[in-house]
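There are two complexes below, and they share chain A, which is joined by chain B in the first and by chain C in the second.
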Partner chain A sequence: MGEKVLEVISLRVYYDLPQGTVRAVDDVSLDVRRREVIGIAGESGSGKSTLALAITGLLRPPAKVVSGKVLFNGVDILRLSEDELRRIRGRKIGVIFQDPNTYLNPIYTSGFQVAEVFEAHRGIHAKKYLNEVVKLFRLVKIADPERRVYAYPHQLSGGMKQRVLISMAIAERPDLIVADEPTSALDVTIQSEIMDLLAEIREETNTSIVMITHDLALLFEVADRVAIMYAGKLVELGRASDLIKDPLHPYTKALLSILRYERKKKLTSIPGSIPSLINPPPGCRFHPRCPYAFSKCSKIEPKAVDIEGRLVACHLVGGSE
Partner chain B sequence: MEDELILRKVEEARKKRLKEMWSVFKNNRMAYLASYVLVAMYLMALVGIFITPYDPYDFDLSRARQAPSLSHPLGTDELGRDILSRIIAGAKYTLGISLMSVTIGALIGVMLGLISGYMGGLVDTVIQRAVDVALAFPTILLAIALIAALGQGVVSLIIAIAVSTFPVYARLVRGSVLQVINEDYIAVVKLLGKDPWYIMFKHVLPNITSPIIVQSTYYMGLAILLTSSLGFLGLGAPPPTPEWGSMIGSGRVYLFSSPHIVVSPGIFILVTALACNLVGDGLRDTLDPKSRMFIRRV
Partner chain C sequence: MSSVLNAINLRKYFRITTGLLGGRKYVRAVDGVTLDLREGEVLALVGESGSGKSTLGRILVGLQRPDEGEVLYRGINIYSSGNSVSKKLRHRIQAVFQNPDSSLNPRMQIYDILKEAVLTRNPSLSDREVIEEIIKLLRSVGLVEDHIFKYPHELSGGEKQRIAIARALAVAPEVLIADEVVSALDISVRAQVMNVLMDVKEKYKLSMVFITHDMGLVWSISDRVAVMYLGKLVELGPTEEIFKEPLHPYTKMLLVSSPAAASATASKDLRFKARGEPPSPINPPKGCKFITRCPIAGSECSITEPELMEISRDRMVSCLKVLKI
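Here is the complex of A and B:
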């Protein structure tokens, strides 16, 4: 395993709302190594997007960091000024967003908008970079790149637009790419193409990728390690192959059983719904929905324990303290 | 070299795009035709004084109010001046006043609207309340008051019309800015660290050109009419300036006995205003990539 590119240390991000404080990310620790694809999965509202925003330094009020660090190449991103962040974001950390349709300005050609990224970081006029844009388009497998440089967003398909956005994210060969649901807005066939593309880019540019999604099937295809989040907590983190073979946390088990749903069988779901993050249940946050819950679960919050390189936060596994 | 090859292909694609834009404009037959009419009108305004068949100021009561004939194709007015000559010589006033006033009004209004919509907060409130005050005056009343204060003349006319048009631009642009400002692509440019002026002019403004162009072409026509209304009230271009609106104003007394005095400049005003509107429509369709007719995937 290579050195750590990104290290999240017991991060807590809360949202101060009139209704109360939402504990969106609560004591999450995570590390990303060079050339690694790490997937973060969870239901809607599990805090995975908030985590992505924190990593990219995009948290805005009412979100506030209560404690913890996000170390990127040893520098705490959360302590940087907006100017310093700008020098890192886009250059060292690339960001890919969910819906490619809204992130391109409809009145400019796709090539110009990619060139603008170069312009912003290197300060020479955008036109000078058309060469590099074409090369980037080739890298993200846009057919006929010389012509596509002058194509407007509405002339491109959704998958093509996502490729353009990916080329913007990797323009400066970042050390880390944060992809927040990069395929949710795309067709199923395009989804796997984009995933394959990201995996290839990892091979070619030696970048690490943090992939955030609720699409487990896609995630397990490309991710080296997978982190499962539930209600702001990291419940399990481990190698994708281990996790899929032998899930330890009951929540992971439940998620995977849904994934393994077979034809003609009734679609299963996890009973209950994700708890309010304003008043999360005491003890383990999953215990109201957990089929294995026992008395300890509703009282004491389980600590994450390391089992052969996997982190699991459950009273059922690991030694009882 | 590979780089050169890429650049050559890219340059070809760029030229193709420009050609496509031009062909879109050309395909809009009416706009294409109207653009020629407008060019002809403005050429007339530029060289007008040199090509008039008669001196536009030379009056001769003995040939007053003559109907159109071979020697005077559009007839003569109440003082015996050749109407065709006056129309040709007057083009520079009418077209100049409308173009200048709309341009100035649009520039000020668009600036205020952009700043107001983009900055928001106190700046927005101050600008918009000022616009409220300006909008509260009826256009013609405001123009009359300004001309009364500035004195009669072409420059005061331009200022008066510009002042009475800019608040509408400010309001219109602000509304459009508010629609665009929350788009994700604007957020992306902000994150790139571009300064607010760059974002305003390079990313927000081009997205809201459609309403501005439509409004401007409408105001080009309106400015000509406003000039003639002021001329009617005796506040327009001072006589004997052969401004088209003033010509209608002074000829109105003879509307029933000698309609040609009023009809000829009227038709020129109509054609110019119409041409402005048609060219505006064509421009809007050409400049907005989404409404271009060749919508297809490349």
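Here is the complex of A and C:
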């Protein structure tokens, strides 16, 4: 077990909307160790992206941190000023988002935009760093990097643009990379290449990776540990190999059985739909859809218990009396 | 088994202009595809984005006239008459697309959306009969009467997709083209909608073309798989055989790259791990179009373009290496 790079402690992030308060992340704790790939999985509305924004210090109103800490190398990110954050984000924490088109400026060359990362953190004009960008492009396996640094985003394919974003994220050799759905917009073939690339980068730079996705099959292939979120809560967290072999939380069980595609059989489905986070169900938030729910589940919220290094929040598991 | 739909040598090129003085160039979206859909089967159509699978789907459903070739529905060419496909034929072949938000009119209640469809099939129905028909449709996709006076925005993604399915069923089709119908849905909801789709397929005795990139779903529901690459079919055959022993290197690449297919496929040859991206469909390479990414390509592959040929009963593949020509 390596040292902790990131520690999220009892984090609550709510959105104040006219319709009510959305409890997007509601008392979530987890840690990320050095060189670890931790996967955070959940469906839409599970709070996983809000968690990503909190970790990277990118929360903006109407989001507000109600309580909790996000310790990065021991420093609480949530208490830092925008200036202090900017010194960390991009340098110590790299960020990769889903849609590269949103994050690349169409009127600058891709190489210049990556060079700006260096300029922002080291000063001197971006142009001075083009050589370093070529090296980075080579590292993220962009073919013909000397030419591609002069390419505008629209001249690159989706996979290539995502590589440019990854090169930005790793430019300053960060301790932590937060990747929010990094391959969800890409074809499976390109996705598998990008995943291989992230794994190689981890090997070479010793960085930790927080990977957030709804694609469980993918997550279980690449992550060392997996956290499952449901309706703002962390319901299970453990080693990927343990979770896949023996899921404990009924939601994890259901998700995994959906993934076991059997030939010409009905797909296992979870009845009902994802609850509103303005009025989440009382007690355990999964209880209205849970096949094992009993009276206690609708009244008392289960606390996460530690079972041999695995955290599970379910009344059926462990002695959560 | 007889065919419901025959696609014969379909071609659809989209013209694009490049630059101010740019000459005419074409995207060869569908480039000579011959394919049949058999009675009662689920034919999965797979490939990366840009492979032409959605354009092929649009041609099959009658939404996109091909430049060449024909689509026969029980022997009748659906594009034979004048400008548009005849109403009668359109009712036989229906489609459901990925994004229900763009296929359901946001200003219409579910009642009006379905009423329109019910009345196109049978304009003489009374109001009472229309309502009964609508309720029957809603139930068949697992919804209840409560939904009838709602607007699309009041429904969840899964519910909207069910309405899109119900509307397709309203005209009593025989063929359903399902283009990435569950790709936008969350995993727990995806399974529900897939089960609804398979239920109605049985109940209404549909034949279905299922366009997807999800190899897990392909394994789970399809009878045959057609693999497309840059506008061409590269492999076609029964699902179990293709997962057990894929022949075309591109099929192998798709299966090796797809985590969802891991439990279903025997194909684990890491030589076929994906590399590179598909070349531009405007300037595809000479010879075999897969040559730029193929780990087993030989010199002959850059000269001759392979044709789709039958290699064993019911299995077709277009690869010089496999066919050993």
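As a convention for this text, the second predicted complex is superposed on the first by the 319 of 321 C-alpha atoms of A that agree within 3 Å, B and C clash if a C-alpha of one lies under 4 Å from a C-alpha of the other, contacts with A are read in each partner's own complex, and residues count from 1 in each chain.
Just so we're on the same page, a residue touches a chain if its C-beta (ideal position, glycine included) is under 8 Å from a C-beta of that chain, and two chains touch if they have at least 3 such contacts.
Please read these numbers as outputs of a predicted model, since none were measured by experiment.
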| item | value |
| --- | --- |
| Partner chain in contact with A:Ile209 - chain B first, chain C second, else both or neither | neither |
| First (chain B), second (chain C), both or neither touched by A:Glu146 | first |
| Partner chain in contact with A:Ser157 - chain B first, chain C second, else both or neither | both |
| First, second, both or neither for A:Glu221, with chain B first and chain C second | second |
| First (chain B), second (chain C), both or neither touched by A:Ile258 | second |
| Contacts of A:Val188 with chain B and chain C, given as first, second, both or neither | second |
| Partner chain in contact with A:Asn131 - chain B first, chain C second, else both or neither | first |
| Which superposed partner A:Glu43 touches (first chain B, second chain C, both, neither) | second |
| Chain B and chain C contact sites that coincide on chain A, given as residue numbers | 157 |
| Touch list for chain B against partner chain A, complex | 3, 6-7, 9-10, 12-14, 16-17, 183-186, 188-189, 191-194, 203, 206-207, 288-290, 295-298 |
| Complex interface listing, chain C residues touching chain A | 48-49, 156, 158, 186-192, 194-195, 198, 213, 215-217, 219-221, 239-240, 253-254, 256-260, 262-264, 273-275, 277 |
| List of chain A residues in touch with chain B within their complex | 58, 83, 86, 89-90, 97, 99, 102-109, 111, 113, 116-117, 120, 130-131, 134-135, 146-152, 154-157 |
| For the chain A and chain C complex, residues of the former touching the latter | 43-44, 157, 159-160, 187-193, 196, 214-218, 220-221, 254-255, 258-271, 273-274, 289 |
